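Two complexes are shown next, each including subunit A; its partner changes from subunit B in the first to subunit C in the second.
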Partner chain A sequence: MKNALVPSRTGSWYEATARERISGLLDAGTFHEFLGPTARAVSPHLALFDLPEAFDDGIIVGRGKLQGRAVLVAAQEGRFMGGTFGEVHGAKLVGLLRYARDHHAEATSPRAVLLLLDTGGVRLQEANVGELAVSEIIRALVEARAAGVAVIALVGGRAGAFGGGGILAACCSRVVISEQGRTSVSGPEVIETNMGAEEFDSLDRPLVWRTTGGKTRRLLGGAGAYAADRIESFRAAALALLDGGIPAFDLATLAREQARLAERLEKFGACQDAPEIWQRMRLADAARIADLADEDFNQIAQAQPEANHDAR
Partner chain B sequence: METLFIQRDAAQRAPGKSPHALVGVVASGNLEVLLERVLDGVRCEVHVKTPAAGFGEVWRAVIEDFIERHAPGGLRISINDCGARPDTVSLRLAQGVRLMTMEASE
Partner chain C sequence: MSEWQSQRLARQARLEAGAILAVGGGKLVAAGDATALLEAVLRPGDRVCLEGDNQKQADFLAAALVKADRARLHDLHIVQSGVTLPEHLDLFAKGIATRLDFSYSGPQSGAIARALNSGKIQLGAIHTYLELFARYFIDLTPHAALIAAVSADRAGNLYTGPNTEDTPTIVEATAFKNGIVVAQVNQVVDRVPRVDIPGDRVDFVIAAPKPFFVEPLFTRDPAQITDTQILIAMLALKGIYAEYGVQRLNHGIGFGTAAIELLLPTFGEALGLKGKVATHWALNPHPTLIPAIESGWVQQIHCFGSEVGMDEYLRARPDIFFTGNDGSLRSNRAFCQTAGLYACDMFIGSTLQIDLAGNSSTVTPTRIPGFGGAPNMGSDAHGRRHASAAWLKAGREASDGPAAMTRGRKLVVQLLETFGEGMTPTFVEELASVEFAKKMRLEVVPVMIYGDDVTHVVTEEGIANLLLCRTPAEREQAIRGVAGFTAVGRARDRAQVAKLRARGIIRRPEDLGINPLDANRQLLAARSVKDLVQWSGGLYAPPGKFRNW
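What follows is the complex of A and B.
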């Protein structure tokens, strides 16, 4: 389906809508949307709660080109119901990943999927079907990777990548994250509700970012690339990752990741807060990580073995 | 959810060649507007779904003003509202008509 896209006015990934992100990420005029808004594939559940629907159910899927390479792309709209996975929303992503799995071998077919995650996780109004959707997406993602497709998560939106979105990011071949981006499974409010504010104070924003934010995820190796909060910066990072080679998805890769995770737990498991980890890693600017400019931070991250061994 | 349907003849056909366009997001105080060039002549249809009940007169005034100012003949316009104020609605409708004049990408 042909689709006119509005470019972002500010160029900020965080501020942009999902459609603006696609517009700036891909080569101009190359995006072709599958099951776009005119198809009106809306949630069958939201009307039962008298809640507004979105014509694309909060996710845009399609194909396009990144510096001439054919890619598939999915972008969640974090401002529509927190970018949550409903039944239709999830089915669109499953379909895209299965398409990648089944067609990547043809000469002109896309060999990479870009997942623009911006989600709080499952849409609670859709409960079990949302949970099932996340399970199906994980299976489809794993199958696509096993078939040789590169799946790259781009995280820097308002909702971050939480719940099933955090699990999906961890299943990807590579993750690009910005300072504003956050990934985790249980969100700060969820932890506080279940364990108390003494365990995790969700109103303490610096704590939230020190724990789940982009800089921490990058230094620990949970994200393989760090981008400034600019759409062009995410584009450059995604391109560099595709050019740099994608790890094979096999038993040896998983065994190495498991060993690195065990080692991380042993080295840093007793730390109470992220700066303690930076001190143990002997980072020169351990106390100032949060204040570093993007370029300075990137240099430090690129020099750290821990940050580049790609264990989630 | 309240649904409204407003239909008017515009002064002329909407400019541009884009077959459809979407602007806005279904988020608090915002709305999404889907425009489709599917009607004959200068007719314009606007379908609204809104969670804020009882504002039919305001919607009618905003949409009639829009049709008069922008001449969106031939367009079927579908709105998913999420409690947007009238000025936001006017802005999105104007953005939508402008987007319909932009080059569609393949």
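What follows is the complex of A and C.
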């Protein structure tokens, strides 16, 4: 029996490097990098640990065009030190977000920042400066949003968006996530180490995914769009979000978000595992969510009130 | 009473001691009486096979035996292929068992080395599977076999399910030599789906509270295959599979061979090799072979055991796999090992360490994982008498004598990256197992595959064809020539290596028309476990630890 699957499916977001993601995401040839590898802005700390540096410190920042509109982009390289926030890594992102904050008024200014998160959180070797960097990024992100810039997180890499990356995703105007993508603050291993395997078994990968994974985040409204694991799918989802309008970052939006989270806690707070939530939501395929194909899942998610809201 | 009957009388006495615990005079014994049953039917000093291999485990019976009273059961001689559960080591720590003959230790490879060091274990020998099975019938015949099956009926007929593995061999050796056979089963049923072990070979049956453990040992996540492994796989496909026309083969379990499996429908297809190579296999049901099977590359596979999550796929592909009338896979380790030894033209697998003579080993100074089946798969069977094109070509390359009297050779191919985990060089002047053997006072150095059986060494630097070498010095330079930037590689004689390359003994990627920059993950027919599920039409159900959804 022949299988219809094409052997080589090009353009997987999960498989791609940060640079491949950027070049597939933006209009061809439009990307201009700030402080690229030739500038050799490397971590001042890794050498102390006899660890290799990267010339871009694991993050690429710059500007380009998305379907003709000017955007700023930052992409973390999950394969370098788990995409972690070090001092230089963080400073590049802070600079990008401040640029967005300060240069959005002119007609040709970028009005959106795309954050291609792929990170395990703060780089342990740069602990304090890394934590500081995350705080500065959050401040810069919030200031950019307050200035009217849309900040969209795209999550679907190997490292997910954990630690500070999980907080950043939650601060964004919108989040696009794929099935492979995960967002959370404490990662599975961290929870297991602190609370025991009975609390959270990090080796139980279906449990990890149905707790932190893209489908769960989408259904609970943590992500506003679900993309198939293809670069073109992330591109289409980001465009659709920008076209669909970005909620204003004001008191009314924050109050709506507060109300939404309070309601969510009330409805689902007692649930022990994600499938219980799907049952309470009365989803048709509650037991099979993890196995649903992307298109089928998207239909369910789009019809789900909890998953679609203007609060952020 | 004749003294010729002593074993049979002893068996009778053991059966009577055990029968007291059986429910209603039958064969069924309650799970809570498991330890009491073992204390009743075993005797100090017995040779016991506590069924366990690299996959399935009679784990409930192992735990029951550990709980035995040492005053009643001690100095057992454990004779089993796999020592892989903590309970297996506990038997020795408690003194219930003292002697050991085994094949494979896998996850217990560190613990077993420590126990050997501390004198808790008196080691007979480390065997290959076939060797240990052979000794079951000669001088290591078990007095008792404690085995695992999926289900049993009240007469003791057993259904072992897809993971039949060692059970028929163990039972054959025990039941027909006055031994006692105790089976743990997942459930007792009125009628078993098929009879894998006839009931008159089984003395006692215990329904265990939990299904027996099976390790998914042969699942390789395509997401972890590297570009370097893909390059090595391309070299092997073009430089060995294609050139020798290898149709009957066995693959090892590493990522190198997983890469080859996933390149068959892409790179292999482009080379026009479909139907010409890799059609008949002695192989566990590797999930990474699914795309090749679905693309029509594979005609037939016989399996040592099954693989967790593959059962429904196997049931749906009876043209390819051996299945019973009930539809499920029938595996058999002893037969499959024999098939790999005598009916396959090639073994290809990864190794961790290789020396200048081509000897390889997986032993490190603190770990002794044992042998399993690789030495049998990876050796030339001198008893082979039937010819095949691949076998003859290999034999003639190795000989300058008259063609008519030249025997063929099995292709034994070792895949290595020049540097392994933590950038440790895989090419070494002396195997770590040499030092290990000294420390453990072993009579023979543990060698997985002896250099004189190895025909090709493949690294990202190229292929060394050892068949074409005529002297030990040439072999050494051929091996150094593909050892890259390791100390062994840097110590090569450049002029000699250039000569070997001119003679086609060393072939670089460019000599084979392969550009290393083309070796990337886009070539894999599946790049994730989920892709494998899709290829299988949803029939493959991977265990949780291999899912990322």
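By our rule, the second predicted complex is superposed on the first by the 300 of 312 C-alpha atoms of A that agree within 3 Å, B and C clash if a C-alpha of one lies under 4 Å from a C-alpha of the other, contacts with A are read in each partner's own complex, and residues count from 1 in each chain.
Everything that follows uses one rule, which is that contacts are C-beta pairs under 8 Å (C-beta built on N, C-alpha and C of every residue); 3 or more make two chains touch, one makes a residue touch a chain.
This is a predicted model, so every value here is computed, not measured.
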Now for A:287: first (subunit B), second (subunit C), both, or neither, which partner does it touch?
neither
Check whether A:105 is in contact with subunit B, with subunit C, with both or with neither, and answer first, second, both or neither.
neither
Considering only the touch criterion stated at the top, classify A:28 as touching first (subunit B), second (subunit C), both, or neither.
first
Applying the touch criterion given at the start, work out whether A:37 contacts subunit B, subunit C, both or neither, answering first, second, both or neither.
first
Answer with first, second, both or neither: which of subunit B and subunit C does A:54 touch in the superposed model?
first
Identify the overlap between the subunit B-contacting and the subunit C-contacting residues of subunit A.
2-3, 5
For subunit A, which residues are in contact with subunit C within the complex?
1-3, 5, 7-10, 12, 14-15, 179-180, 203-207, 209, 213, 215, 290-291
Can you name the residues of subunit A that touch subunit B in the complex?
2-6, 17, 19, 28-32, 36-38, 47, 50-56, 58, 77, 79-81
Under the definition above, what is the set of subunit B residues touching subunit A in their complex?
1, 18-23, 25-27, 30, 32, 34, 36, 49-51, 78, 80-82, 95, 99-100, 102-106
Using the touch definition from the top, list the residues of subunit C that touch subunit A in their complex.
265-266, 291, 294-296, 521-525, 527-528, 531, 534-535, 537-538, 544-549
